[in-house]
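Take a look at the structures below.
Each of the next two complexes has chain A plus one more chain, namely chain B in the first and chain C in the second.
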Partner chain A sequence: MAGPLIADQRAAARGQRIYAMLLAVTAGVIMVIPAFGSNYTKTFVMQGLMSCALAGSWNLISGFTGYVSFGHAAFFGIGSYAAGIAIVHGGIPAPLAIAIAGAAAAAVGLTFGYPALRLRGPYFAVGMLGVAEAIRVAVTVAEPVTGGGKGLVLPPEDVLDAAYYAMLAVVTTTVLVTYRVATLPVGLRLLAIREDEVAAEMNGIQVTRLKLGAFAVSALFAGLAGGIYAWQISYIDPGTVFAGSLTVRAIAMTMLGGQGTVFGPVVGSILLSGISEALWTRFPFIHTALSGVLIVAIVLFLPGGITQFLQNRGWIPRSRRL
Partner chain B sequence: MSGDRPATARAAIGSTPAGAILEVAGLTRRFGGVIAVNDVSFGIVAGTVTGLIGPNGSGKSTLFRLISAEMPAHSGEVRLRGQPITRRSASEVNRLGLGRTFQLSRLYPAMTATENLVAVTRGEAKHALERAAASLDFVGLTAVADEFAANLSYGQQKLLEFARVLVNDPDVILLDEPFAGVNPVMEERMVAHIHALRDRGKTFLITDHEIRLIMALCSRLIVLDHGELLADGDPATVRADARVIDAYFGT
Partner chain C sequence: MNTRSRRSILAGLPASIGLAGLALSACGGSEGSSAAPAAGGAPAAGAAPKGAPVKIGASVSTTGSNGKTGQYQVEAYQLWAEQINTRGGLLGRPVEMVILDDQSDPTVGTKLYEKLINEDKVDLVLGPYSSGVTQAVSTVTEKYKYPLLSAGASASDIWKRNYKYVFGVYSVAESYFYGVIDLAKKSGYQTIAIVNEDTVFPKATAAGTAEYARKQGMRIVFQEQYPTKVTDLSSLITKVKAAKPEVLVGGSYQPDSVLLTRQAKELDLNVKMLGFSVGAAMPEFGEGLGKDADFVFGPSMWEPSLKTKGNTEFFDTYKKKWNREPDYHSATGFAGGQILEAAVGKAKSLDREKIREALATLEIETVLPGKYKVDDTGTQTAHIPVVIQWQGKDKPVIGPDSMANGKPKLPMPEWKARA
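Showing the complex of A and B:
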């Protein structure tokens, strides 16, 4: 087969422009919502941003390297508690507490990633589930510091707007970092690990180092999101911030948009947030089950997500992992 | 001497010429009760093409996996330019200048041919695309540069894997059955490529059951049987060795 036809390339470039414009419009709307929107709208969008941060973070390790983690909520929870404890017990100002949240999650990511990333496939996925559960239990037991199962109450502050923009900043940074990764050879090296780790290693790719790096950066963003969440909501408990449903949603969103792509998690979280908001009011009970059903449906019918669907139709270029 | 061919072949077994670029010393690997590679020693000289032949299951691929550090040996040592590499990771061994292909191609299927090469290319990122293009051109795959590796034919996949090994310009190249499934025109081109690379000082160790091609390519043959070195010498001598005929060629 010869290279793509010029007409195809034009169509793909046009498709890519439309795609980029839609994303830019969305970003613009999100930027101005705090000025016009109600608290309800702000809270809803903030929730979507948080999901998007988690999805983008999950994508960095699982979407690119194929190390599918079922315990990603652990890093969100650690971030929440690190910020909460820093604020409550340390009297540390929120911005610094949120930075600590990111650092703590990254440090835990490095610590657990070193042994966990030696596991392959389902063993890693389940191993991370175990890690998340172990951390949740540890947090619950450490009652004097964490407030245990009753949770941790932060000084209530009306910081919705500030937290909103902080979450937007985390999402933007995640997307920019992913873009940078995806457009440099390092992104292809991460994908090569996903595609065939032995062949990656045999061709000189420094697999262990890259996996750990991706894992730490991924944990960092999840931790930052958790820290901002704790600051804004001003009450956290282990059941909420370590909830498996956080991980499931992040996986569903990323898979819907396209794993190992730049905008996949963004597109997926916009769509899924919208869908679940529409369903939430009418069918509150099937809401969580929906994510699970969606994952199965995507795996069966749209394994590469929306991005690959568009690429296969020639609407966006296949060589660029956007 | 010529009347005693087996002795000739045996005298050369495990010979490690002075200044060998790749040396294998007493390498052994077991799988349960099977000794896949049994106390194998030899050395190969830079700028030569050596064939590694033997029956199915004689340990050729396992030997490749031990040399390239895909799996650890139970005993013995591998040296590259005199430096032991036995305890190194596979990616370090590759970075030291030893590249290999797999008997069954192991590409990155959801990545394009170009991406398969760019992913592994070392050195400055801005030159990666050029080098990938040059490597694809070398094996005649320019037309499918933007095709996903999974969509390539079996032979094209073999060639892409060859190109991927070459992109980092290794000094020692191990090819595990590079001709299986490759058409005659491509075979000829690969033989020419290997000779051209050899003339530039590259060192090859090649296994294949295409004995005609192996004879044409190699200046030396090493024969494995049940994990043991059975013969080692120039192709004509080894081809005529009674024990090799018995174990491998048949009559």
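Showing the complex of A and C:
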């Protein structure tokens, strides 16, 4: 019996090396794109990175604790508007404005998380949907500050390269934090909440503090991404930055890659952005339909995501580092 | 209990995502991506175009919330390209359109103009549809110094940023309802209610209408906004009803103008004059509402019945090519092409700086009423919007007087009194 088992482990270890290599190559390509790629390539990859940051951020709260947030776009939108307002009304330099964006989103995450995280299951999911909608309406009504539905016009600057690396930094940090969370006991505690919150609490896990912490960190990253987005695109309006489709994309990407894993959101966002862009260039007028079919197929046939699929096949080890 | 509920939602998640994916994709599509140079069918007025094609790029919403309206603009761009090729092309070279779909999303729009300029290496661009997308996209075209004719957007904010490369094709949103207000005033109505969707263009329309109505001495008895993609406006209509206005005006797009009319009937909201932007001027409004469309007023940037330069030919060729009548969004798109053509002709080259110069100083007639002429900011100043009213299957132009070919029917009868 020992023979095949060792062979399996070897195969899995080899799979892990290939997996790691692929990710490293992708990271390398993404690093050097600004030096060689056209502005379109940069824009495309940057918007992919933005989705990746959102997916990673969603994964931190929903993938690990099972508190499925259907309102994650709220934090992205708050980040966008916090940065936009800081730049337009405060004349604050962009890096500081983006930091403010992250802080604002985290603060709102804490404020709403405190009551909202007491809701469980579908109640939380729907609650977050309501929170996102309420914030969107508030931003729309607060016209003197936010420009309301007319949107907010930031001073246009050509900052594509800087924004690109900033977005990359947010993604990298999100992955590093997720890696730390997944490999430290805190990750196990979060997963314990997902599996059985009452049992976790009975075992002495401080569930409220943990959930709130995960939620705030998650909101922070979404807010940073929103801030960078606003800075780069220089025009934001509530309909775009609070769009439900942002949340749906983040969820779809995370589910495709594998929720509650370290690299799941990364793998998912690379695949989904890549696929939708490829479909889009080949089939310009039916790509949305094709993407829809594809998403349905993925959730039907790969419900545990790619990570779990590879693990079930024994192609990569069942390690929390992945 | 709790565990089970958590698990069940996790289990249900894939299905809901799938549904959301389907919903996102269910927004329709269309045929044909780019108009190839016309295969010399009609006898050419000029010599057949020769040489490398002039690539003209545009991204227009043909899916998403503004897909229906955007489609008209795409068809007009393609028709214009086809016609210019039978006329001898642009500077003697054939025109090749590269048309993409931004899904009614400004983020996608900016990405696509980056693509058009950097990857497809288009020589010139034409504008997208909707003010929101144009706001975002004009930042990109400004960066690359590509002149942008805003053939599908008119919120005046676009021209308040000191941009040098964006030019208006038709009147700013603020002035849309001037004609309707004038008529209301003339008919002796004193009170008005204004509702609008809370996005760039409808807001601008509502703000301009409110200001003008006040200036004309009318009293605004109710003013409120509603969110985009709204599916129920009954509470809003109930509030309008309580305010008892004589005139109700909606700063709207196509779907919400239909919804407002339908629910006004359901809730028996009776006003003497009812008007909507965008939607009311579209053929779909009459098709979708039938007799309920009757008596509704709307500002139109163009009408088939107008005697503008080349209008009959435009209408006929459009109908022949696309098997449906153009609406004003087709005409503004077509005018965008005509203006670009004239500017290139004046500049005598594809030099975008020279074309920008030409666009800033040009004064020409297009299929649109009035003229093309912009001020220092690029804002359109010489186009004249008209007012239409649905009367049976027709929507005659009832103002301004110089262009009218019908008489307004007032007041709108009560819903209950209508068959």
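To be clear about the criterion, the second predicted complex is superposed on the first by the 296 of 322 C-alpha atoms of A that agree within 3 Å, B and C clash if a C-alpha of one lies under 4 Å from a C-alpha of the other, contacts with A are read in each partner's own complex, and residues count from 1 in each chain.
The working rule: a contact is a pair of C-beta atoms (placed from the backbone, for glycine too) under 8 Å apart; a residue touches a chain by one contact, two chains touch by 3 or more.
This is a predicted model, so every value here is computed, not measured.
Visitor: Go through the superposed model and pick first if A:Tyr235 touches only chain B, second if only chain C, both, or neither.
Guide: In the superposition, A:Tyr235 contacts chain C only.
Visitor: Tell me which of chain B and chain C touches more residues of chain A.
Guide: C
Visitor: Examine A:Gly151 and indicate which partner it touches, taking first as chain B and second as chain C; both and neither are also allowed.
Guide: Touch status of A:Gly151: second partner only.
Visitor: Taking the superposition on A as described, I'd like to know which of chain B and chain C A:Ile87 touches: first, second, both or neither.
Guide: In the superposition, A:Ile87 contacts neither chain B nor chain C.
Visitor: Just checking: does A:Val266 make contact with chain B only, chain C only, both, or neither of them? Give me first, second, both or neither.
Guide: Neither partner.
Visitor: Just checking: does A:Leu188 make contact with chain B only, chain C only, both, or neither of them? Give me first, second, both or neither.
Guide: Only chain B; A:Leu188 stays clear of chain C.
Visitor: Have a look at where A:Met128 lands relative to chain B and chain C in the superposition and call it first, second, both or neither.
Guide: A:Met128 sits against neither chain B nor chain C.
Visitor: Applying the touch criterion given at the start, work out whether A:Ala73 contacts chain B, chain C, both or neither, answering first, second, both or neither.
Guide: In the superposition, A:Ala73 contacts neither chain B nor chain C.
Visitor: If you stack the two complexes on chain A, which partner ends up touching A:Asp196: first (chain B), second (chain C), both, or neither?
Guide: both
Visitor: Could you tell me if A:Gly204 is touching chain B, chain C, both of them or neither one (first, second, both, neither)?
Guide: So A:Gly204 only meets chain B here.
Visitor: Go through chain A and flag every residue that touches chain B in one model and chain C in the other.
Guide: 195-196, 198
Visitor: Spell out the part of chain A that touches chain B in their complex, as residue ranges.
Guide: Contacts found on chain A: 1-4, 184-185, 188-189, 191-192, 195-196, 198-208, 304, 318-319.
Visitor: What part of chain C is in contact with chain A in the complex they form?
Guide: That would be residues 2-3, 5-6, 8-10, 13-15, 17-18, 20-27, 29-33, 62-63, 100-101, 103, 105-107, 110-111, 114-115, 117-119, 132, 135-136, 139, 142-143, 155, 157, 161, 197-200, 202-204, 225, 227-228 of chain C.
Visitor: Touching chain A in the complex: which residues of chain B?
Guide: Spelled out, the residues of chain B in touch with chain A are 68, 70, 89-91, 94-95, 99-100, 102, 106-112, 114-116, 118-122, 125, 128, 143-148, 164-165, 168.
Visitor: For chain A, which residues count as touching chain C in their complex?
Guide: 38-41, 43-44, 47, 66, 68, 120-122, 125, 136-137, 140, 148-151, 153, 156, 158, 194-198, 229, 233-235, 237-240, 243-245, 248, 251-252, 255, 284-286, 288-296, 299-300, 303
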